[in-house]
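Heads up, there are several structures right after this.
The same subunit A turns up in both complexes below, where it pairs with subunit B and then with subunit C.
This part shows the complex of A and B:
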């Protein structure tokens, strides 16, 4: 890894417009020294993968508040794998605890629930990136 | 627009005269211990008197309690129809509809954008057939219905009119509200389709149509709720919302509408958060500011056009996923603030909403919570019971002062037009920037422990995640809805659909014509919501927000 500045793509996938959480997360990660590229609303799996490739991103973070995580989360993970990218996908937002295992099985690296502290957000992203680097 | 205006010495007599005309609920209006209480206390200003700081009606809740309007919608239209009937049986007095994301965005259930979203966060409506199911066996002349939809609001209103017509109910009998507040979409909720200016034309067409045909309908619910949920402060919620209201007024006046006519049917929607006195001050300031601006700046002369009537919802964003049952206490406190602030209707959030959509039990507890405020606390006996408290009066003035500073900024940004200032503020990222700054400030306070959220950053013992019973919406909803949409498309007359859609495009290209009749004609052919949206999009284009953090 060295002193490479970690670069994280953040995006809202699909129609869900709840962007308070992801904007706060963007600032938290930026304050922690990471480079954050926020793609904004109404992204597709293709637009997110393209941005990750172009920016040589170390991780992708999605925020989901519309109960679509079990459909869209795995779809995003598949798109990342299909593009040959080996970077972690982290999902934040309203995700019930009992869905976490299903998401992890589908290849999502970590899930951040409501009320996660800034330290947890930063640690989760960093750990997901370094786990991938070691693998 | 400074401090409270002095009333004439006969303010009390004037109020008494009005109060005596009001019909009252069957109640003794005494405390639990049998002490009779007056309808209002104080000497200077009375409820029902300009600028209405103390309430919009002389008798307030002595005549009529607020409408207990519970927002509901999930799965298919039939599922939601059952929930509606359940709420009506339980003493709910108005219907409120939540639509799913595709419906809110003008997308059909079979659009590729809709995957995973159909029927999840609200009910799916693609065609008139779904609207028929949604309101089956409900007499639309007897209920008041609130529909929370903005981008495609004209289409949903057209469907409601068409469903009513099928059962012999005329547009003029329909009571209710459609949110239709497109400006706050660009600022906070982000459910827009077209750019701001053509969107404003659609809103203005709806105001014209309802003013002429639907006198009991509120064509815009000017909403601060989402602005607050997105992270704004109380004063920003107040100021941005009222500024949006001023913008609709300026647009309607520019379109030749009479401020006294449409002004009567504008209504508002505010958030009730946990800082009790700040919220009450905000509600009181909202009434005062609105009345003054409508009278002094926009020239309203009919008092009814100066009244800030509002719906309130407790703050979804205040609900915690940790120890969710303690949210019942938060909702109770926020509901009490709304009642003390003089709301006309109230939705109380369910305690499980930070985890999932509410279960039926959680929705019932939420309704019971506001029933306790209404029937057990006695706060409904006296109008504006906190009026005259030095702290509450100061807080009301402070909310007004902060809001006026924001109006001055927008007025400046628009060279003397709040409407232009608001368009400019949307385009230059002013609103989203202010809201994101406030949200981040709040998160930092919570994170540093300077602000305590019970169950989240302190008092964390007692969380039992395994005990939770959450509402799950299965994939069968999506399958059912896709089949239903396909059936409707097969049965309808495609030629009728096509010509109705072409007519919408033609009307959209001609700003002198009103879109509503063409949209009503189109929904009756069972044209889909997305087809209708596309028929306008070819003229209006789409809006893409700049991604600003």
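This part shows the complex of A and C:
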């Protein structure tokens, strides 16, 4: 659907106060024409799932800077699946290269690191959404 | 084609009525997108709506609307109310994107039964004027009571949307201007309740005095006698929750005033008339735009450019040609 306005939820999960990066990503996605529903700090898997349902989101972006990604990333993916939602989950932040495969195996659609350009961020989110739409 | 759109909308609507939140989320998306499906959904909702109390909350950017809304969410939820919040934020006029951040200030305080939806203005004000009433009717039809609509108090449509609520709360902050400003600002005239937020800051009592003075002048001019109602002014600090319970009480008192005075029917009729009016303008406007871009329209533009006819005459001719075709 070409005229569909893409809506993306951005959140920090759990105890992780580093929100500079997620604010930059919010701005990048906004300037790419997306609607960003910004949930901010200290969210839970339940609050993110509830927001995704209410906002009819097309994708969820999690920012992780506390080395909890291997625990919380898969938990978030499980919560999305358990709620019966078919929405891609993208993780951005500090994720060591060797952890990426494990996250992808756990159902995370993409991982964005600190070196990602604005174009990469936008393309990654858009690809994740269109991959879901085709499936 | 049309019947399949209609079937899909009906299925989603029935599921939303049963309490399926995701279906409600999808219906709201369709309403925002506009077009045939949005009209079908709005039609379904309209049939069974008209009962919920609609509260509009508006004020300048940064005045604390979302934080106050969060406080009200908590109080209503604690009282067992199942309420919906529609938080409207502006879209970027350049890219069409938006950062919708109102939930940050609401999520912690929302009860599980409540429903929050963020809506971007999406550039075209006409769309917002249609989408908001439709969303309110949808929340109403699905059983949310009350419905809070939060908009930035800049731009006529945003003010109109909040002003069309049953109860309109206008949030001001210290330092917003002197008594003259308080009198001339159109935003203040739609208020049923004033909240002076950030009341711990210097100038809060001045802001209150200016508002009192403005209301006193309404007493002198006869406006107050005409409406039979004087908006209360509540000092609040939404950060720590001060005054939120008073705002809740004021909303309930105003609702009671509307019921006992019979003004609720008048307000709701006015709101529906405004919606019809907006839809007429959009229908005629979009047809006229098509005509303006056609060869016929181009010939009028040429005549205007050559100073043979005025823009007003061209507009009249174009509207006349539309009505002649129908």
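Here, the second predicted complex is superposed on the first by the 135 of 135 C-alpha atoms of A that agree within 3 Å, B and C clash if a C-alpha of one lies under 4 Å from a C-alpha of the other, contacts with A are read in each partner's own complex, and residues count from 1 in each chain.
Methods note: contacts are C-beta pairs under 8 Å (C-beta built on N, C-alpha and C of every residue); 3 or more make two chains touch, one makes a residue touch a chain.
Computed from a prediction, not measured in an experiment: that's the story for all the values here.
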{"item": "Which of subunit B and subunit C A:72 touches, first, second, both or neither", "value": "first"}
{"item": "Partner chain in contact with A:26 - subunit B first, subunit C second, else both or neither", "value": "both"}
{"item": "Partner chain in contact with A:47 - subunit B first, subunit C second, else both or neither", "value": "second"}
{"item": "Subunit B versus subunit C as contact partner of A:38, first or second or both or neither", "value": "both"}
{"item": "Set intersection of subunit A contacts, subunit C complex versus subunit B complex", "value": "26-27, 30, 36, 38-40"}
{"item": "Subunit B-touching residues of subunit A, taken from the complex the two chains share", "value": "14-17, 19-20, 23-24, 26-28, 30, 36, 38-42, 66-68, 70-72, 75, 94, 96-97, 113-115, 117-119"}
{"item": "Of all residues in subunit B, those that touch subunit A in their complex", "value": "101-102, 104-105, 107, 113-117, 120-121, 189-191, 229-231, 317, 320-322, 354-357, 435-436, 439-440, 443-444, 447, 453, 456-457, 465, 468, 470, 473, 544-547, 549"}
{"item": "List of subunit A residues in touch with subunit C within their complex", "value": "3-5, 7, 26-27, 29-40, 43, 47, 50-51, 53-56, 84-85"}
{"item": "Of subunit C, residues touching subunit A in the complex", "value": "21-22, 24-26, 28-29, 32-33, 91-92, 94-101, 103-104, 107, 115-118, 120, 122"}
